[in-house]
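One structure coming up, written as structure tokens, with questions to follow.
The first chain written gets the first letter, and so on, giving A, B, C and D; residue counts start at 1 in each chain.
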Amino acid sequence: MGKIKAAVIGAGRIGKIHVGNLLRMPEVEVAAVCDAFAGPELQEWAAACGIPAVLRDSDAVMADPSIEAIFICSSTNTHVPLILQAARAGKHIFCEKPVSMDVRKTEEAVEAAREAGVKLQIGFNRRFDHNFKRLREHVQGGTIGLPHIVKITSRDPSPPHPDYIKVSGGIYMDMMIHDFDMARYVSGSEIEEVYAQGGVLIDPVFAECGDSDTAIVTLKFANGALGVIDNSRQAVYGYDQRVEVFGSKGSVAVTNDYPNTAEISTADGIYRDKPLHFFLERYNGAYIEETQLFIDSILHGKPVPVSGTDGLQAERAALAAKLSQRLGRPVKLSETLELAAQHSILA
Amino acid sequence: MGKIKAAVIGAGRIGKIHVGNLLRMPEVEVAAVCDAFAGPELQEWAAACGIPAVLRDSDAVMADPSIEAIFICSSTNTHVPLILQAARAGKHIFCEKPVSMDVRKTEEAVEAAREAGVKLQIGFNRRFDHNFKRLREHVQGGTIGLPHIVKITSRDPSPPHPDYIKVSGGIYMDMMIHDFDMARYVSGSEIEEVYAQGGVLIDPVFAECGDSDTAIVTLKFANGALGVIDNSRQAVYGYDQRVEVFGSKGSVAVTNDYPNTAEISTADGIYRDKPLHFFLERYNGAYIEETQLFIDSILHGKPVPVSGTDGLQAERAALAAKLSQRLGRPVKLSETLELAAQHSILA
Amino acid sequence: MGKIKAAVIGAGRIGKIHVGNLLRMPEVEVAAVCDAFAGPELQEWAAACGIPAVLRDSDAVMADPSIEAIFICSSTNTHVPLILQAARAGKHIFCEKPVSMDVRKTEEAVEAAREAGVKLQIGFNRRFDHNFKRLREHVQGGTIGLPHIVKITSRDPSPPHPDYIKVSGGIYMDMMIHDFDMARYVSGSEIEEVYAQGGVLIDPVFAECGDSDTAIVTLKFANGALGVIDNSRQAVYGYDQRVEVFGSKGSVAVTNDYPNTAEISTADGIYRDKPLHFFLERYNGAYIEETQLFIDSILHGKPVPVSGTDGLQAERAALAAKLSQRLGRPVKLSETLELAAQHSILA
Amino acid sequence: MGKIKAAVIGAGRIGKIHVGNLLRMPEVEVAAVCDAFAGPELQEWAAACGIPAVLRDSDAVMADPSIEAIFICSSTNTHVPLILQAARAGKHIFCEKPVSMDVRKTEEAVEAAREAGVKLQIGFNRRFDHNFKRLREHVQGGTIGLPHIVKITSRDPSPPHPDYIKVSGGIYMDMMIHDFDMARYVSGSEIEEVYAQGGVLIDPVFAECGDSDTAIVTLKFANGALGVIDNSRQAVYGYDQRVEVFGSKGSVAVTNDYPNTAEISTADGIYRDKPLHFFLERYNGAYIEETQLFIDSILHGKPVPVSGTDGLQAERAALAAKLSQRLGRPVKLSETLELAAQHSILA
């Protein structure tokens, strides 16, 4: 079996992570890296990695029939056009989250991939974290019986740059979207309704962007379970990523990873180091696994582990949360498109 | 200084706990126990405790000028009349929670005690738990900066008897009322708005009583912080009582107490015993301390640590939660009385 | 059944703890407190407790046939004469550890109690700690299979006063004696041999007294298991009391108790309060239970939970450790008396 | 700067780990793998890895002047001859532990490398574990003041094959040698004396080989600190690797790593998965780092992080422990050679 030739579009932080992980896979050849802002620095980096082509435009990649797989890591507004183009070109697609900030466009993209018969995997990397996988195994295996309450805490160590906040799509679409996916993943059920309350407690720049920096969203699931997600853009003690599922036979909870187990006891108290700092440290293994599984799904004709529909459902929940906060009332996922239209919110 | 003569009205489980704790205090004399259902068994128990009088009717106690302090531990519907009577008689009052299920009547009772110049303490025992006290010290001392998110988990090991469910006032007034008080206690701020979602996931009997057995309530505080409380009537692993306050400089979290620290490692995994089973085990020390502080407030002319207003505010939040679930929308505490009237809900 | 009349001899810290615990037992009457240094302060304290008699001399107590039980809490050198006297007088005896610093005299005392048919319980309070009891249950119940390794850590928060160090009997007889008893208690086997190494790392005053402040002793048990105890007179983070038993099917470990479960997360790290400070805090419940069981053994004709032989065996191990350190070689418990005689060490 | 050409001698489990790690380093070229038992399987494996040469005899490698670095991963009896040969050939040497089972031969090898001016690093991989590194930082940084007590627990999940036990050199030279090195590493002090007690509690095959399967060794350090190491060949709950250093200002302790943080709460208790199974899982990162640092030391002319002397000192301690158990008395490291000669024990 020959190597799968892949191209990575968008060579920012996350694009480079995927390149790095692909380079370690003997079954993959990274044929090209495309970036609209490609310059000498990227050329040099690609050369050091042994990647033959660095392009500003992705058209050549799309036109190259030898390239089987495309990793879309460019800015969110480019995702849907690239998916449509890649689907038409018959290429398998790995796309970072969110697919788009407009649920209808995401639907289009998902449909296009489906019709073209190409694989489309969405970058919900946290599903591949050792802790969340183990938690889900317990839920699915029946250890805790029927789920009653799902609790997700997700806090970043520090806010993104103000330039990014403006184009981020807001806390629900940019940050909590991961948690909406996690909620579906660990509960094994669809989210039916959300109620969102957000606040600006960290930095007024969020208010200036019409965004929140702190939010709590409650969930109702199709299976009757209830849920709650809390997000903060700034946990000074580091990346805080915890999930608990409580059910009829017990609960399973996962907490943070730490750089070491050292416990210090002094006259002042008992100490330990802070958790792993941020997503690069915490989800290092998860990034490798999601990429490996995408490649495996191509090689072995298996379904991708995170489908376009998964991407779509998380976006619907994010949109519902945005609407809920705006309207000050709970919002059903089934009414989001209509409400979004009424209130001229991107859907 | 002579001993304070006290009478305990209502000799159920909680009444007996207070009697037991009062008997250990050298500065108190338990002069009488009143219980509408007093029989030979109670007579015997009182005799063994060295309590001189067992009465079915509390009037004699109210009429006895030597009795300075009354502990009201009878059923909730008797609380307000007893408070009014005791206040008129100039007796200091310790009243179990909730004062009543009608916020207006509670207001009356609180006002009566205020006018009579007698002390009125409400039985929010959890404020005196070693964990929650330490958490609050950190919040008040500024360890975590300004509070942003308050999270409270409160789950019972098993549901109450169906007979009790019917008259309990529902999960918000009977169970979550403790957590509403805890939210105010640890945040140092008033609750302004709640959004409640409840479900019946444990036992259909709750639905038959028009009640929920599982609930998640989100909170908005006057200081801008957000909060969430989750309740379940059945955590099979035992009493689950945890609080976390997250703020601008960090977080403080308290978790359950365990009967021992033993950790077992075997070929099957690592395990430990379940948390302390229920409130009698977990809050043993807290019950002693709340009673001691009530007695101290009488002896030393100090304010009580949990005032009638504290009782009232928690009831308002519980009523708002009940309304929120009924109406399917967030409810401000300031609108509860009006809404309750409109919807013929007890207020 | 009438109350058991008890007298407490020695009204120092530990004597007062026993008095306090006895006063809470309805089946006991504390008839007298004896202390060679009794003054107005003790008189006042006893009066407040409702104890009718305060004596300097214990002879009256011994001569009073109505007194059934004697608690010996005076200095170690008085223990054996008081046991002999109480045994002759037919009184049940609770004696603090060690019975004496001379194993032969302890043998005499144990024998005297046996012949007189009175109960003799030794104050190894740690056996009644919730953690160590649970650990032992697991070992005895077979959870960890056959014990292979026993590890005991026992460190005090700060050294005793130099005046006490001089008369303490040294680290092995004064401090590690508790751990020798614990080793027997948790392993269910006799100690056959010890090897002791001690050092003076905290305060030169220990060297001046011919004592060590830090020690590690390895153990061989009759059942083939190996063990190790480490002691320090100064753990700045507080009382450190841990035990681990490792066996063919796993291990069970108990660690310290904490005043609360609060965990603080800040930009500097994760921290919590220090463990419970010292024995009064940590073993509060254990003191109550050992006294209750002693009283129960009298009331119900049951064996005491810690026998004179238990006291004797721990002293033998302590003597062997002292000899081992002096001689720089492992010492069998069976050779201690002979060696002690050869080397003029108190036995 | 060109790539460093390296050859790996001995292609067993540990040899293949080093090859795997070297292959990921862009600054290294694995030129050859030598194994006395090389067959078609190894040829195939090497081909898949892109290693050009597979040899049965290492002479060609030693004779090839382009090869700068040798990794010695063959059986222990071959280490010294290979070091001598490599040193003569001017090659840098990474050698697995122990260098040999004869301290005098190890001295020779260390001296040969020194004279030849080649680097010699010993494979004490645990020094590069994230936990132990952090612990040592705290000790060296003064967090815990002067070290008083060092405690090391090191237990394998299951015993090696009987064929291996026979040639292993025994529990002290094969297994505890890692812990002797750890004791030196974390304390920053030399071991001066040991007292060893070992037993056969797991499998009689150890007795048949004149070996122990369970051992406790106490240590005296040059700086006055005391220490203890406990080893077991079979911890059914998995690899148990813990270290604690206690000192004048507190203690620092590291415990095991776990595959996830999931905590399960059920009606039966609280559970979690066992620790990482064995050294491949636990020390994966440490193996990478030790190899990287060896390569760095060659590239940048820096000292190796684990010297030949480090290897020698750990062997001396292991020999002393073996002698101590045999003689039933504490043994100073300074007397080992003489004692070994007297008692015809390999030194």
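Going forward, contacts are C-beta pairs under 8 Å (C-beta built on N, C-alpha and C of every residue); 3 or more make two chains touch, one makes a residue touch a chain.
Labels paired with UniProt names: A, B, C, D = Inositol 2-dehydrogenase.
Quick caveat: nothing in here was measured; it's all calculated off a predicted structure.
> For chain C and chain D, which third chains touch each of them?
For chain C paired with chain D, the chains in contact with each are A, B, in label order.
> Over half of the contact pairs shared by residue number: find the pair among B-D, C-D or A-B that meets that against A-C.
B-D
> From the mean C-alpha coordinate of chain A to that of chain B, what's the distance rounded to whole Å?
Centres of chain A and chain B (C-alpha means) sit 42 Å apart.
> Based only on mean CA positions, could you tell me how far chain B sits from chain C in angstrom?
42
> Could you tell me the distance, in whole angstrom, between the mean C-alpha positions of chain B and chain D?
Distance between chain centres, rounded to whole Å: 59 Å.
> Listing for chain B: what residues touch at least two other chains?
Touching at least two other chains: 235-237, 240, 249-251, 265-267, 273.
> Taking the touch rule as given, give the residues of chain B at its contact with chain A in the complex, in rising order.
Interface residues on the chain B side: 146, 148-149, 151, 153, 155, 195, 197, 199, 201-202, 214-216, 218, 220, 224-228, 230, 232, 234-237, 240, 246, 248-251, 328-330.
> Hey, which residues of chain B end up touching chain C in the complex?
These residues of chain B touch chain C: 24, 130-131, 133-135, 138, 143-144, 249-257, 259-267, 273.
> Once bound in the complex, which stretches of chain D touch chain B?
The contact residues of chain D facing chain B are 235-237, 240, 265-275.
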